[in-house]
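Let me begin by handing over the structure; questions about it come next.
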Amino acid sequence: MTRRVRLLVMAVGGTGLAALLVAACFDLPRFGGDQHPYGDRVVRASLARHTANTIASVNFDQRAFDTLGEMSILFASVLGTVVLLRQTRDEHRAAPEPEQVALPVRRYALLVLPVAVLTGLYVIAHGQLSPGGGFQGGVVVATALHLLYLGADYRALERIRPVGSYEVADALAASAYLVLGLAGLVAGTAFLADFLPYGTFNTLSSGGTVPLLNAAIGMEVACAVVVLLANFLDQAVEIEKEGET
Amino acid sequence: MDDPLIVVALLLVAGSATAAVAVRDPARQALVLAVLGTVLAVLFTVLQAPDVALSQLAVGSALTPLLIMLSVRKVRRPKRREETER
Amino acid sequence: MHHLLPVLVAVPLLGATLLVTAGRHLPRAAAETVGCLFAAGTAALAIALLLNSSPPMTDWVGGWTPEGGESVGIVLVGDGPGLGMAALASLLTVAALAYSWHYFDEPPRRHAGSFPALMLLFQGGMCGFAIAGDLFDAFVFFELMSVVAYALTGHRVEEPKAVQGALSFGVLNSLGAYAMLMGIGLLYARTGELAMTKIGEGLDRHGSPDALTLAAFALVLTGLLVKAAAVPFHFWLPDAHAVAPTPVCMLLSGVMVELGAYGVWRVYRTVFSGPGGIPASDLEHALVVLGALTGLVGAVMCWYQRHIKRLLAYSTVAHMGLFLIGIGALSPEADDGVALYILSHAGVKAALFACTGALLDRYGSVDEHALHGRARELRGVAVLYVAGALSLAGLPPFGIGLGKAVLEEAVGGPLTVLFVAVSAVTAGAVLRVAARVFFGLGPRPDDESSYETTGKKEEPETRSRLSRVPDTMTAVPAVLLVLSLAMGAVPGFAAAVGHAVSGRAAPAPHWTLIGVLLGLTSTLLALGLATLAATRPKLLGDGAWTAPLRRLQSGHIGDYVAWMLAGTTLLAALALPTILNG
Amino acid sequence: MNGWTVAATAALAVGVGATVWGVATGPLRRRVVAQNLSTSLACPALLLLSEGYDRPSYVDLALLLALLGPVGTLVFARLLVEDLAADPPRTWGLTYAVAAFGAAVVIAVCVAAGPSRALVKLLVVGALLIGGNLTASRALSGGFAGSRRG
Amino acid sequence: MSVLPYLVAAWVFLVGCYGLATSRNLIHAVGCLAVCQSATYVLLLAVGYRDGATAPVFSDLKPGSRPVVDPVVQALALTDVVVGATVTAVLLALVLQISKLHGTVDPDELSELRG
């Protein structure tokens, strides 16, 4: 298809879809409206289970099955990336050149690294209380480790990052989520049921299984993102085709 | 809808999304996407969704740009070599 | 029993995590055994649940059973069709894993378990989608299934075609999923609910349909129809199915695409079928138009392929068109027919892909012209291939024949001609391949260079080119074909399927004289077409008139996206009369 | 609307609006600076919003942005180092102005918070914001690579 | 003005589709897909907004003292963000392999699959 035909088809389809969406927008309830039946029920249920952060209650208790799917998507895409970016037969690894980074940047990176890891852990730990949770904190922890690549060089990062162990930890965290779900079936009433005591409202141990599932997700996400970035970094920095110098 | 804050945040999102599409060079697009991520996080805060804003910040401000920039670097690298060989 | 519904998803996922945990130290055979065991365990569970699915089960995950009719949890629905699809997906996963036993080239270094783990994740995603009773939950598992499928399609990363096909697949399906999510957002805005039945009630409460209903309908169906490869959303399918590893093709063509059609059925039935949704006549209108287009385009493109896997992929497109017409008929009889059709089509299509995989690994080619007469020695594979082709045509007593006969009777009218023609042409194309490749019939086709993708210079998927076809690679298709024969021939089976799908609303599906005659007609037509094509290649082989159609299949992502937008518009336009009248 | 949210609106409309324009157009050296400034402007805006909505827990957002924003900029500084070396940005005036704005916002919010545990968090945010912004600017304007690259 | 958020979501989605259809670089195309996805976040959160309400996070808020926005859409958007990031990663991995094997990332120059 030539570019012109494509643009023509695109114009027809885009105009139609635009008209449809705009018409739908004017039929939507007013922005900021007061009709949220499901939302109101969720807030009540969350308070009844002593979970201060309602979003955490939705993610790890009321709609925990969605989070199971989400976690599996992350797990699958990491596994998929590992498979897709594997080292093929005509490729070899070249040791990356040591790089020198300006002192202020280096200092900044090394200083911020522990702060960022701590912040990430804090965000995970307070997931059921304040905004944040396993997903957000996990990404922060994983990103923080890559400050070593930015501030020092790739070899420094490789030293603290045995990718294999992170892969195993990723899988273990994912299975921990599943096992907790099955424990709900055995000990409680249903798969992913919240079978632990709900604790005191607005404390770290409140919410029953919510903090546990949250922690499993935090670990899973942190490890998954590390493995994901490791594969891309390998491609960008180390892996070369045979014949390239 | 009388909250100017929401209007401003929405317009910023619309503007940076349009820019992210209009900028055709992937490295420069990654810069715009990083800004889009930040602006989206601000919009989510204004819409009272701090949890989503946090994850958008975590993903949009460092992770996605890093992934895209690493891909750009990998894609560009062989070309560089050819040019120097010529 | 209903508590075990979520376990159907948890077991394969647990297997996958286990394989990744232990995969670094596990020998390959052990990893593959573990994969098979988990897949088979899930399949057994799915069948056990299926046998108990009358009356339908519902399970509220996390024990959030409704209070006063309202719940905050996610509902899973274990009825006949849902569990049937889950059981089909699980059984086919077992078959694919058995087929791929020792099949692949070296697994990625220190990742012996990665391929079976991905297959298990795929299985988990498909099961989760099949039993979802909550629209957003369906989206999540839809995405899980898609993401795994992209990775599996691109598994052979040293093949230029494989990675390109996987990317087209990925971009189109992700965009479709986002369109679906936009639709879910619109529905949530209107009704404030996510459980499908609740959304349906909410729409009804609101009154007659308006532009929002139409937009939500078009967007949600776009996502599902991209997966179901309806024209003009179908472009990714031949590109992806032609390049995916054979065991993956078996799953993609056999059940994943059909899950898209199943999703259309489920979503329409539970969300849009009330007075506040889209009237049945409009849905029928839309699905019959799209289905007929899909059937015709698929059949024509199928006939003019020489890349055997692409040919089979287009035949899947063509048959998807027939499924969509059947779903659009919205009668219990048609549902029974479609269910039988999908079940036995899955077996037959997977068997045909499996046989093609054997060709690829033995000769390093899947090009019909290049393989002319070369596979004479593979007698067993030849028999399976011909049996598969004949059953694709609807030869009684194969299950496809029965499903198609029931469907033709339910749909009736001029569409019967389309059914006969589509199955005759697709089966004729497969028979033509069999005649040329296995029997060397007719003159050797000249090898002119052409626009389209040929099947030459394909890398075998096994470690080296096989000198003989291993037993697993013939046993799996044989079993699959026997099963799909049994679906039509064992009298109780069809009745059980009918009971599971539509309860007692329709008479149990059974063979009728007209059905047998129609099946025989399309088989004879297919045989005739194949003989004619093999012996007189010039007569039917000149596809010049299809050139414009073939140029559309350009492999360009931009084209495919443009067509997708046009398709959404078309879908909305077909259902528009409702809004104008309402 | 109160004074805090009005200030946040102004910071977003003028400051972040300008950076969106800056990142979308012009030479690469302008775009990277705009990207860096977008985080250094959005972070104080988030602090102002937290105060304006009377939600101390929203400070976490600013904390995260102050941490990760400069990291994002360092990604670009590192991976675009060759393109930037040829044409380094020189916008110290603007950088210091934005840093001063950030400092002013942090001080204002601190004063409003009064001495408490929240104050510590706010000070950490302030330090990270200003330190990160300046380091990232320096890295962009050719200070990333050490002496070896020259 | 009360439809502005929805219109912005629609605009972002369409603009992303336009970019995807006209892209000359696959990495850029994957970026455009991310833009399309951000439309879904905007739509979902706009749907859940309630005038004058605040976030349903009660660590620093007395339950019942202020109206709260809909938490469900936030959980959905959160899931969606994760999905988006991972899909981007898988697609970028595929683009990397395309660039290695085809030597280009311009969709106009890819000609392996046709007809």
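Which chain is which? They are A, B, C, D and E, in the order written, and residues in each are numbered from 1.
One rule holds in what follows: a contact is a pair of C-beta atoms (placed from the backbone, for glycine too) under 8 Å apart; a residue touches a chain by one contact, two chains touch by 3 or more.
Only a predicted model underlies this, so the values are computations on that prediction, with no experimental measurement involved.
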Length of the shortest touching-chain route, chain C through to chain E: 1
Intersection of the contact lists for chain B and chain C: A, E
Shortest chain-hopping distance from chain A out to chain E: 1
Chain occupying the most central position, where position means C-alpha average: E
Centroid comparison with chain E (C-alpha atoms), farthest chain: C
Which of B-E and A-C has more C-beta pairs touching across its chains: A-C
Most remote chain, CA-based centroid, reference being chain D: C
Between chain A and chain D, centroid-to-centroid distance (C-alpha), Å: 24
Centre distance in Å when chain A and chain B are each reduced to the mean of their C-alpha atoms: 17
CA centroid of chain C to CA centroid of chain D, Å: 50
Touching two or more other chains - residues of chain D: 53, 55, 57-58, 60-61, 64, 68, 71, 75
Per-residue overlap in chain C, given as positions that touch at least 2 other chains: 136, 140, 143, 147, 150-151, 154, 157-158, 163, 186, 188-189, 194, 551, 554, 556, 558-559, 561-562, 565
Residues of chain A touching at least two other chains: 6-7, 10, 14, 17, 21, 24, 26, 28, 31-32, 36, 38-39, 42, 53, 55, 58, 63, 66, 69-70, 73, 76-77, 80-81, 84-85, 123, 130-132, 135-136, 140, 143, 146, 228, 232, 235, 241
Pairs of chains, among all present, that meet the touch criterion: A-B, A-C, A-D, A-E, B-D, B-E, C-E, D-E
Residues of chain D touching chain A in the complex: 57-58, 60-61, 63-64, 67-68, 70-71, 74-75, 77-78, 124, 128, 131-132, 135, 138-139, 143-149
Residues of chain E touching chain B in the complex: 1-2, 4-5, 8, 11-12, 15-16, 18-19, 23-25, 27-28, 30-32, 34-35, 38-39, 41-42, 45-46, 48-49, 53-55, 57, 68-69, 73-74, 77-78, 81-82, 84-85, 88-89, 92, 95-96, 99, 103, 105
Residue ranges of chain A in contact with chain E within the complex: 6-7, 10, 14, 17-18, 21-22, 24-26, 28, 30-34, 36, 38-39, 42-43, 46-47, 52-55, 57-59, 63, 66-67, 69-70, 73-74, 76-78, 80-81, 84-85, 126, 129-131, 135, 201-202, 221, 228, 231-232, 235, 241
Footprint of chain E on chain B - complex, ascending: 1-2, 6-7, 10-11, 13-14, 17-18, 20-22, 24-26, 29-30, 33, 36, 40, 43-44, 47-52, 55-56, 59, 63-64, 67-68, 71-72, 74-75, 78
Residues of chain A defined as touching chain C within the complex: 1, 6-7, 9-10, 12-17, 20-21, 23-24, 26-29, 35-39, 41-42, 45, 58, 61-66, 68-70, 72-73, 75-77, 79-90, 164, 167-168, 170-172, 174-175, 178-179, 181-182, 184-185, 188-194
